[in-house]
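You will see two complexes here that share chain A, one where it goes with chain B and one where it goes with chain C.
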Partner chain A sequence: MTTENHFSLFRYYLAGSRVGFQRDLQYRLAAFMVLVGFLIEPVVYLSVWTAVARTQGGSVGGFDQGQLAAYYVVWTLVRVYNTAFDPKAWEWRIREGRINVFLSQPVHMFHRDFSIFMGSKLVWTILWIPIAFVLTLIFRPAIEWHVVNVAAFAVAIWGGYGVRFLVLYVMGMINFWTTRGAAMFGIVTALELIFSGRLVPLQLLPDWAQSLAARMPFRWTFQFPIEVLIGRLEPAEVLTGLGYQFAWATGLGLLFALVWSRAVRRYEAVGN
Partner chain B sequence: MDDPVVAEGLTKTFKVPVRQGGLRESVKSLFRRQYRYVEAVKDVTFSIGAGEIVGFLGPNGAGKTTTIKMLTGLLHPTAGDARVLGHQPWKRDKDLLRRIALVMGQRNNLQWDLPAEDSFLLNKAIYGVPDRVFKERIDEYAERLDVTSLLDKPIRNLSLGERMKMEIIGAMLHGPEVLFLDEPTIGLDVTMQRRLRQFIIDQNREHGVTVLLTSHYMSDVSAMAERVIVISQGSLLYDGLLAGLSSRFSSHKTIRIEATDLTEDLGGLGRVIERNAEHVVLEVERDRVSEVASKLLASATVTDLSIEEPPLEDVIDRVFTGR
Partner chain C sequence: MNRPAGPGRLALLHVRLGIQQEMQYRANFWVQLVNSVIALGTGIVAIAIVYQHTETLAGWSPEELVTVLGVHLMVGGFLRTLVFPNMYKLMQDVEQGTLDYTLTRPADSQLLVSVREVELWSLIDVLTGAGVLVWAVLRLGDRVGIFHYLAFLVALVCGSIILYCLWIIAATLAFKVVRVDNVMQMLSGIYDAGRWPVGVYPGWLRGGLTFVVPLAFAITVPAETISGRIDWIWLLFTGLATSVAFVAARLIWLWGIRNYSGASA
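Right after this comes the complex of A and B.
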């Protein structure tokens, strides 16, 4: 029963995104509550840094109060786009033999996960809009709106998603060698919190920390898209940032391909 | 033309960490881990011809699933070779993966929160199934399995049997040439089992799909497969017709007799399994069957006599337990 092959990766991504969209739409209330939970973190940071800015004459590290508010409001959207397939979920997948059928299919499961998460982000973005509206009313963010910035942001936020997805996916591969991958994930998450700009804009960190952050991928997943939208970067810096995202995505993609080929050889297909 | 499934000396050894109980052993294992090697599959050789349905039998832990995992490319063998549709499965060539399907009865692979028809769209995209073919197959398969009205219900709201039907539909949408079924009817009621069996038989007859099936239900195997491969403790014990399994592994047959005046002491003829005034069931050595039947016919007014192979379950039990 031979069937003509009409495969196209674009159509596959559409189908995967559709699954992600429909799935998260089913759980929209839960997703909304998670989003509200996401607010606690930036609101605390914003309150602290706004207070610091006030004591220093209205600005800190080159951010005035309106810019800090803009930073943390956009933060909430970038946080949504930074969610990706968790290494802990890889541990479960491997332990339970959940990748067996995916491995027997002709499309790499990377595309499956990547596209499903893409689709779910559309739901989360829609849910984010009212939250952003309320945050804007409360904190009065100062954003200089430019079409070019918005267009660049649209690319940068997806670029950030791509890089972070790959970081987590490569980390997930550790689970093929050890069942203690979650511990390592905890360490990397802590590093990410500091060196991505999530805890605080990197400009507020000491020079040595900024220098370290420049050597890690996290800045390009988090702070870079925020700065693009709130208009803190020159066009050349935006292009350089997008270049960094591309370079990190390529490097991590190659690393993933290398690790994957070894990981699959190790896979013992536990369970059924 | 080469057989679609060929295994030659297929072997898989797992390295398993071992640790004895107790605090002392726990601490010791931090510094020196010990391992043992488990041979899950040992030098297994067989081939399956195009359009065959073969039952793959063995007790739990015999190596059936490990073999299927090697044949579908999930596991690399420790030694030996295999070819599925001319490909080494563990290289996972796309050309091969487009032409096979794997269904594992204990795993749900459709999207739990979505209706089956939405999950099928993902399968359609994975295998690049043309729109028209996709629609025709969904309609046909859903009708045959009597789940048309359930296509728009979320998977989580379906019963186990209904879910398994959807899994089978999802696996067949791309028209696989070789179908690997690992316990497809596990936990299903008799009616559901029958429906699924008939569907697989139809796919085999109408489209020549080659099927390798594992199941603990002998009724599955006897309904679908003429040929069986029996594996135990990783080694192949039998590869042949299902009908030949009894003569190979059972030295006895069963004689059932209905008679009105049966007085003879039956102990010397065979093992009495059941006896009442007019009905006797005897287990008799194979080479004494005609002699015993003649004696019984001569010694009583027999109204009915039948000679049967022992139940398949009993034969399989003997094979597995080595009795």
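Right after this comes the complex of A and C.
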């Protein structure tokens, strides 16, 4: 790719992000309500684990109550950045012939979807701030702030978004072969819930489950960014984690390119 | 001329129609079965992880907590079978102006909008939940007697009615603000909090889950009843809460249709 192409793609991402930002800004009340819905899940987990910690003398799995609160407050922001193009939406796209128009465009639709979701995250982040403030007042999270951690978190949270976007995008490709992918998506979502650190910090899982989680991409999308910000990782672990994110993104990107080339060959345009 | 059908017969007719409609898509049975197994599996895994670190959670033993999961699955199955599809259809009708066709029929409009759609395969969740409950109750042994079973049935019906009322109240907001699907999505998110007994939560959340989104009555009370740990006064409160919810839902519905001006044509 030439420098000019790189520049064009950069401008394309800027434009796509602007579209996503403006779209979600328009529906900010809807986004806020979805955010409140997101909120229930971590509050439930936090309440349960705080109750467990109390029965165990104040801490569980190396997390005291303040650290649990920190984990689940940052959880809410990472959850926002983890939202990506839903594989079920691919079924609708294919059934309704909605990808026809994108197939004839010079820029791959991946860039369009990726950049629009990037832009929408800025709106969600703004909406998240008051929610985080209230959560902080209620649960009093214990976070040791370090500039290095904040900087690494800024990279890790976007890295997590990239990996998760690719996981979901690759899963979405299943819809080119079957319209009954919902069951498979359900299984992957359940695995993700358990092995990403979303349900519970991975340290609280049995050893075999922790080693299984290390072989999946989910940890790097969810728990890793959280741990970076709340300061539970050494600098070397942070760098290793970023390396894992890069490796998973590259591997999934190559897998997507391979599957996509076969998927579009199968695709027959119907509708508009 | 035939007499118009009574409310019960009318409801049954619609439900039968909905079932026949769903029977056309039998492959959905397998999709739903997998989803039910996943929901059950993640629920059990979460409980197992918790009890790896403690012996009791807010006074609940593992078997007792499994009854909460069972009730949550059963009531969730009921909501997905009958309540969610009808409320989404109602919102869609308000948005597109097609609710007029229902309102002009010579039958109670609240009844009609509540029974038009049936997602039959979601009943698998009800069966899965019932299976989980049977397993847990067998493990609990003699402490559960015939009065507990009867009271459980009453509490379960009351809980389901309360949640139906909550959802129809939320859907009725569509008459004023049209797009309330996000409110519904939010309520669905809050429903997940019912997977754990409300006693686990901090006071402010417990209050919210008792008086605003009354999962305490809808899930925790039936689970306490079937696990033999119920304080009977709570059954009385559940009956009261059901009456209040039913009257409130009825009044709000009547207010809603009085203010509905139609948007079609």
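FYI, the second predicted complex is superposed on the first by the 265 of 272 C-alpha atoms of A that agree within 3 Å, B and C clash if a C-alpha of one lies under 4 Å from a C-alpha of the other, contacts with A are read in each partner's own complex, and residues count from 1 in each chain.
Note that in this section a contact is a pair of C-beta atoms (placed from the backbone, for glycine too) under 8 Å apart; a residue touches a chain by one contact, two chains touch by 3 or more.
Values in this document were obtained by computation on a predicted structure and should not be read as measured data.
*Asks:* Consider chain A as the common anchor and indicate whether chain B and chain C clash or fit when overlaid.
*Replies:* fit
*Asks:* Answer with first, second, both or neither: which of chain B and chain C does A:R18 touch in the superposed model?
*Replies:* In the superposition, A:R18 contacts chain B only.
*Asks:* Is A:H146 contacted by the first partner chain B, the second partner chain C, both or neither?
*Replies:* neither
*Asks:* Looking at the overlay, what does A:S47 touch: chain B (first), chain C (second), both, or neither?
*Replies:* In the superposed model, A:S47 contacts chain C only, not chain B.
*Asks:* Tell me the contact category for A:G97 with respect to chain B and chain C: first, second, both or neither.
*Replies:* first
*Asks:* With the two complexes overlaid on chain A, check the angle at chain A between chain B and chain C, Cα centres, nearest 10°.
*Replies:* Nearest-10 rounding gives 90 degrees.
*Asks:* Which holds for A:R28: it touches chain B only (first), chain C only (second), both, or neither?
*Replies:* Neither partner.
*Asks:* Which value in Å is the smallest Cα separation between chain B and chain C when the structures are fitted on chain A?
*Replies:* 8
*Asks:* Both chain B and chain C contact which residues of chain A?
*Replies:* Common interface on chain A, chain B vs chain C: nothing in common.
*Asks:* Applying the document's contact rule, which stretches of chain C touch chain A when the two form their complex?
*Replies:* Answer in residue numbers: 27, 30-31, 34-35, 38, 41-42, 45-46, 49-50, 52-58, 179, 182-183, 185-186, 188-190, 192-193, 195-196, 200-202, 204-205.
*Asks:* What part of chain A is in contact with chain C in the complex they form?
*Replies:* 29-30, 33-34, 36-38, 40-41, 43-44, 47-48, 51-52, 55-56, 60-61, 138, 180, 182-183, 186-187, 189-190, 193-194, 199-200, 204-206
*Asks:* Along chain A, where are the residues that touch chain B in the complex?
*Replies:* Listed in rising order, the residues are 1-8, 11-12, 14-16, 18-19, 22-23, 26-27, 97-98, 100-107, 112, 265, 267-269, 271-272.
*Asks:* Tell me, which parts of chain B touch chain A in their complex?
*Replies:* 14, 65-66, 69, 72-76, 92, 94, 97-102, 104-107, 109, 111, 113-114, 118-119, 121-122, 124-130, 133, 154, 174-177, 182-183, 203, 207-209
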